[in-house]
Amino acid sequence: MNDTGAKIIPFDKEGDHGNVVFHTDILEAVRMAEAIIFASASPVSEKALAERLPEGAQVREVVLELQRQYERRGVNLVRVADAWAFRTAGDLAFLMSRDAVQQKKLSRAALEVLSIIAYHQPVTRAEIEEVRGVETSKGTIDTLLETGWIRMRGRRKTPGRPVTYGTTDVFLDHFGLEELRDLPGIDELKGAGLLSARMPANFAIPQPPVDHDALTDDEDPLEDLDLEGLGLLTPRAMDD
Amino acid sequence: MNDTGAKIIPFDKEGDHGNVVFHTDILEAVRMAEAIIFASASPVSEKALAERLPEGAQVREVVLELQRQYERRGVNLVRVADAWAFRTAGDLAFLMSRDAVQQKKLSRAALEVLSIIAYHQPVTRAEIEEVRGVETSKGTIDTLLETGWIRMRGRRKTPGRPVTYGTTDVFLDHFGLEELRDLPGIDELKGAGLLSARMPANFAIPQPPVDHDALTDDEDPLEDLDLEGLGLLTPRAMDD
Amino acid sequence: MSTTASKADVPMERLWSDEEEKPGISEPSLVVDVDGFEGPLDLLLHLARTQKVDLARISIGALVDQYILFIEQARRMRLELAADYLVMAAWLAYLKSKLLIPKQPDDEGESGEEMAAVLQFRLKRLEAMRDAAARLVNRNRLGRDVFARGMPEMVIIEKHNEYTATLYDLLTAYAAQRQRQAVSTVQIAKRGVWSLKQARELLTRMIGEVRDWTALDHFLLRWTTKPEQRATAIASSFAASLEMVRDGTLEVRQDGAFSPIYLRERRSDPIRTGEGADE
């Protein structure tokens, strides 16, 4: 969301185009697209728009113009994959939170699985388990499928043809992403080789200290007490 | 976005506030009112708006300004009793009527039958009933035929020559499957938490055929006569 | 090594911080709280973080010691630990032994350093995914921070089909009814001893494949069974490994009587990674 202080006037100050005459057709197409997208709660694909706008209308151009007009309003036009939707502006979240529907809270495990699916897709269940180093408990994938954020995409073309998982457009819409490339930090992760199944060849092999049992300067010896302090060993309550 | 010439804007060009400097507070309040009314599931009263807008905002003034801004757009702000709501502009109503078709959810029985046809095809009605343990009403199959997701494939070469059912390309398309074999198998259903991990050892799920068009060895093709007998083709008029 | 620092950079994890407020109120025996962890890798990651250095610079040796100390504590207290944790301990003990001994010329297996690098990679990857999850959930979310039209006036129907259903609906319907019809009264007996095959499956999940000659057996035995079960564990593990050799999934090698038994995954003909050219 842009947060440059200057909140702006309505749809447009006329200064910049007071004199330019836009072809009426475009203007009318913009109005029509506005009406159609506004009327729908879910994103409207460019294909669906094309079917409804007057023949010959340049859908992409129309929609981008509409998006520009709504740029600084209380409602914005956002892209979700190849579809468009109006959504309340992100900076007004504080105002809207009261309308929030109580959402089922995902467990930490479910969130982890979700992000692995999002960043590694298409990904099989075995691969998810390899990343997490633990079996995915029953009901985790089930819950995610139920939210509609993930889906079975197809099968991997390897022996056994395991089913692959990926995210949906509902996922993009929910998290306010235009496309998967917008996943936070995805480029850095890819660059660091952290999205590959195998350790990439260029991944730095650590140089173990000569005496690997010797503690380094910034290490303290471990004692039982430490583990306790970490909460790994918790004192047992007296009465249980 | 292209930048050939300045973009125009349709609706706000009369310039009454090209010169007027609106107080920022009002503009921000207009944005807020816009978002609140947009997101609300029912028209918003001025009283409700007053509760959520910054203290001291002149609600009536804010709303009237918002209404003015939307005056000639594809969507208008209208008053309903003493509350406010956005509505598609009257002259664009024709865009809306186009797809007033209500989407229906498939009944649970229909979903069950559909899924059995998908996994067990080619399958006869008697076999479907065997899997489900209950009789399938004619209406259910009719509904499914109507969706275009299933079709009659042929006749089983057994006494009585029962009709066999299978899925169509439309089915694959709707459910985002490339081929029937993409339907998850027993391990994957378990892995996704859809099927209990503790199924009896003899529990099996059939592997759907690779080519869902080809007839199997124990199927005969359907003939026109068959279709006629089923009442799907009207008998040809004699004197035609 | 204070806990407060490690807490600050772990926003999503409140799991162990809850207990912090009441350290050592009374004397009694200790409980190893493993419930808060999502498996051994998660525990390792947590331990690694307490070293308070970049994951690229953690001391694998110290990490292994921390982990093993943790498991030993648990065992001393006779706590039931999930097999995953024990298999990881066995692997780490093996890793440590490899790190201690310089690579022998006739040792074809991965070096300790290579194994450590793989572990480090996996820890980094897991941490990256966890951070990504945190960033994801903190975005402006539809229905929480950002809203759609509250009074939609129409539904755009893309596929011109009057009926809707998702693949999820379909699969749920299928699984539910098949389950209903199946007589599902199967009791799975609890295994007292588990096979090498099981251990191997767990390892693969936690560490990756056992690609090269690995003498894991005695580590597994040491870590994964109670002393009184050792004999049966040896027998069943060995039997299981022979079975896997017969199935063609494993290779076994022993250089002399009573010397360690080396295992490795049997390489089938190299699988081409392209389109299923391997039928």
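Order as written gives the chain letters A, B and C; numbering starts at 1 within each chain.
Basically, a contact is a pair of C-beta atoms (placed from the backbone, for glycine too) under 8 Å apart; a residue touches a chain by one contact, two chains touch by 3 or more.
Note that the structure is a prediction, hence the values are computed from the model and not measured.
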item: Chain contact graph, described as a line, ring, star, complete graph or other shape; value: complete
item: Chain closest to the middle, measuring from C-alpha centroids that were averaged per chain; value: A
item: From subunit B, the most remote chain by mean C-alpha position; value: C
item: Euclidean distance of C-alpha centroids - subunit B vs subunit C, Å; value: 40
item: Euclidean distance of C-alpha centroids - subunit A vs subunit B, Å; value: 23
item: Between subunit C and subunit A, distance of the C-alpha-averaged centres to the nearest whole Å; value: 26
item: Sites on subunit B at which at least two other chains make contact; value: 35, 38-40, 86, 88, 96, 176-177, 184, 192, 194
item: Per-residue multi-chain contacts in subunit C, two or more chains; value: 147-150, 153-156, 166-167
item: Interface residues, subunit A side, partner subunit B - complex; value: 7-18, 20-22, 27, 30-36, 38-39, 52, 61, 64-65, 68-69, 72-75, 86, 88-89, 92, 95-96, 98-99, 125, 136, 138-143, 145, 151-155, 161-163
item: List of subunit A residues in touch with subunit C within their complex; value: 1, 36, 38-42, 44-45, 47-48, 85-90, 93, 96-97, 99-101, 103, 106, 108-109, 111-112, 114-116, 118-119, 126, 129-135, 145-146, 148, 151-152, 157-159, 173-177, 183-185, 189, 192-194, 198-199, 203-206, 208-209, 212-213, 215-216, 218-220, 222, 224, 226-236, 238
item: Touch list for subunit C against partner subunit B, complex; value: 147-151, 153-157, 159, 161-167, 169-186, 188
item: For the subunit C and subunit A complex, residues of the former touching the latter; value: 1-3, 12-13, 15-20, 22-26, 28-33, 36, 38-42, 46, 50-53, 56-62, 65-66, 69-70, 73, 84, 99-100, 112-114, 116-118, 120-122, 124-126, 128-133, 135-137, 139-150, 152-156, 158, 166-168, 204-208, 271, 275-276, 278
